[in-house]
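Okay, so chain A shows up in both of these, paired with chain B first and chain C after.
Entry: the complex of A and B
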């Protein structure tokens, strides 16, 4: 069985790098992008087992990207990563179709744990 | 009578320079042996394991920043991406008058936190401490201006890990460098108190997203000469001194320390221009006095790149500052000279350093005046003096070439044209920079030590060099 594919959409290069390094070390195949519009395009064209989607980004906001994916019938699970705002955003994201929401400040290990929970049953 | 005295003064000077060059050659031989041994340990060691092991010591990287708004964000990014299992980055804003704090707060979503700590070293007051809300081990200490040493001390107070590394905001550290340096703490945890890294001139290399993507030699002669100089200092001299337990400088640009040791000796001193050398000497004195076994070692494979001055004016200022720093340290530690209590440092390392680093400019300068003068006035026969002078210069050139050979194993400048250029400038250094440097260092001896300097070098900033992510700009 091939390695589970994870898409990381995160505009801060360091965070993206650290997430990628940690997830790859845990056996996931990672694609990373830093811009809302790029994310939209990649998500429309490729399939993933899980997507980590930052809310605040250049191009398009995370929530907008998520809405457009859903409208296009993309069904991969999406975890929203952000949280400068209150619970309204969390609820909105979950309503639109996110499976989970990680609020700031968060740790890389926490993200890894949540990814593992979501991908239980999928190797590794 | 007078004739004999003048004759012997001449021979003395020429002899001195010859002995100095011979000493460098001896040192280079010692370095060669040390590098070979180190290479052997490295190949059979467990560098790969260290990168992921739980026993690898966690390290706090302290970046003192004074008006670094241009490059600080990029500098933090590249530091956070270094290959090392457990890192903490502490940026200390030393009362900058620019937007250093704001840039960091915006880029890394930093918020003020309550951070209770007990200061181990006295520093200027800390205004605020910030932590990033991103999953980055990043802390920002905003304090009142107190100088670079004071900033490093504040970073030590706030740091959480047992080891720290002090670096400059404009340094580019190689990805594996921390592992190479930390290896020495793992190998001899009880004795190792400090590890110095290998600092190389960045000029001429390509920088991409805060790391060196393509190593190349600089184009300007002034930069090339410094490249040759750095290679000689960091490859022909330091490995040898380190192997003899007499490494007298752990570079401020890349120095890793056991925190408790630095606290024990009272932290970095603010009244020294060469605070890195002063700290190294203080550690030596402390442990030798206590008769406690310790190690201060040099790690040639722990590489960091820095931009060296590309104008004669800035280079002149830098060299004058270095030499004055050296004078301060010599004065401070004069009691160690020829003192058997300080063993290899007191008897060999320190006196040799003083004789050939401090006294050399004066002797050499006088030599350039007196020897030709004596020949012109007929006191000394050109047939004797000229060959001696040429021998000294040739030996100097041989030394430079030998250090190129030592550097070759690192494989940075492997192409034929690079080797040729290095060779050319190794020889050219002895006609040009050497004399200028001698003059600057001679001039440096006349000064008013009460003047304070933070660093005159104009910074363009790593952020500037790297441009926006993905973009390539050639520096130098």
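Entry: the complex of A and C
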């Protein structure tokens, strides 16, 4: 069985590095990008088992990327990872189609646990 | 062209080329410097990130770069982004390599820039062991140091610091006081007891603290806010009435209803909104009376609250027959903006007279209150709106 593929869309290098290395160390195959437009293109062209998506990014906002993926029929589960923590923002993200919302600052172990829950049934 | 002019022009061109060349070289040098900085910072990000992911908390590795400003910047970024046990460990490392103690020492520096940098860094680190030093910084002469110290204390969240923060409030200018109040909000419920006590002090920022208590929304503040409604300070009464909308219980309702008779319209307006949030039936007759208030805001807020309270919408419908045209207008405006009038348009075509007739009655009254344009925009034919405007209830059209 191939390793689960995770796309990380995050423009802050600190966060991107942490998420990438944590997931790689746990056996996931990670693709990372730092721009909303790049993310849109990658998501339209490739399949992923899970996406971790930042909200505020250059190019396109995370929610816009998610909306466009949905409109194009891309149905991979998306977890929003954002420093925007208002109740209304979380609800909006879930309404648009995110399966979960992780607030920054986050616990690395908690992110990993949530990813594992979403990828239950998919190796590793 | 004569010789001297020629020499002058050549000299000028030479100077221009030299200046442009120097600028170009300077720009390239700066770009390279920026590039080097970015590359170095990225190396630090990768290095620290790797140590965090691997759980490698050996301070010796960190100590090697402990005096490097860029390395410190990276550590602070990680502290800003992560939470939980990894953050605790990283914070312990910053303490172990002497970073925290250096910043603490800098808080007492004679150089104000050093103090600001130290306060900003300590605000990111939010080490509980720096509590006393941060409390000390609340009385710094530089506002930014005080504000950063307050933010750090809020991040630490130790209730013992709340009293000091409140004591520092009165030494602030208005802008810093606002930022200290933001920090107080960051404490959440642990700040409520002391903040509520501040309301009965002579403190000059009592209205700001009342507002903050409302934002925190903890009912432990209710009693102090009710007492603040009796204050001779109009701003405090306004903020306390508004705060009770979030931090009140049914107990505060009679006090808020009394405030509907306050001399100041801002107090009455806030009280009208706050009682609406309590969804308390007792408020309905008071709010109906408030529909005839002198102030537009009070009338509007009273009508908006009536929409929220059970049986309030019936009172609003009845208010469309109110002898006071201002009361009718307030009721009509809120019936439109709340979506009730739109729902009535849908009910106009119902086969059930028990649904259709009340809808027609409502639409007719709203048309007569001058809201005909709304219904035309909603798709009701203009001639029908005109007919409703002139019709008595017994002559309502049977169906649209």
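Criterion: the second predicted complex is superposed on the first by the 122 of 124 C-alpha atoms of A that agree within 3 Å, B and C clash if a C-alpha of one lies under 4 Å from a C-alpha of the other, contacts with A are read in each partner's own complex, and residues count from 1 in each chain.
Heads up, the rule we're going with is that a contact is a pair of C-beta atoms (placed from the backbone, for glycine too) under 8 Å apart; a residue touches a chain by one contact, two chains touch by 3 or more.
Note that the structure is predicted; figures quoted are calculated from it, not measured.
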Touched partner set for A:76, first chain B, second chain C, both or neither: neither
Shared chain A surface residues [contacts with chain B and with chain C]: 12-15, 17-18, 104-108, 110
Interface residues, chain C side, partner chain A - complex: 42, 45-46, 49-50, 52-54, 74, 77-78, 80-87
Chain C-facing residues of chain A, complex: 12-15, 17-18, 21-22, 25, 104-110
Residue numbers on chain A that touch chain B, as the complex places them: 12-15, 17-19, 84, 104-108, 110-111
Touching residues (chain side chain B, partner chain A) in the complex: 76-77, 80-81, 107-109, 131-136, 209, 469
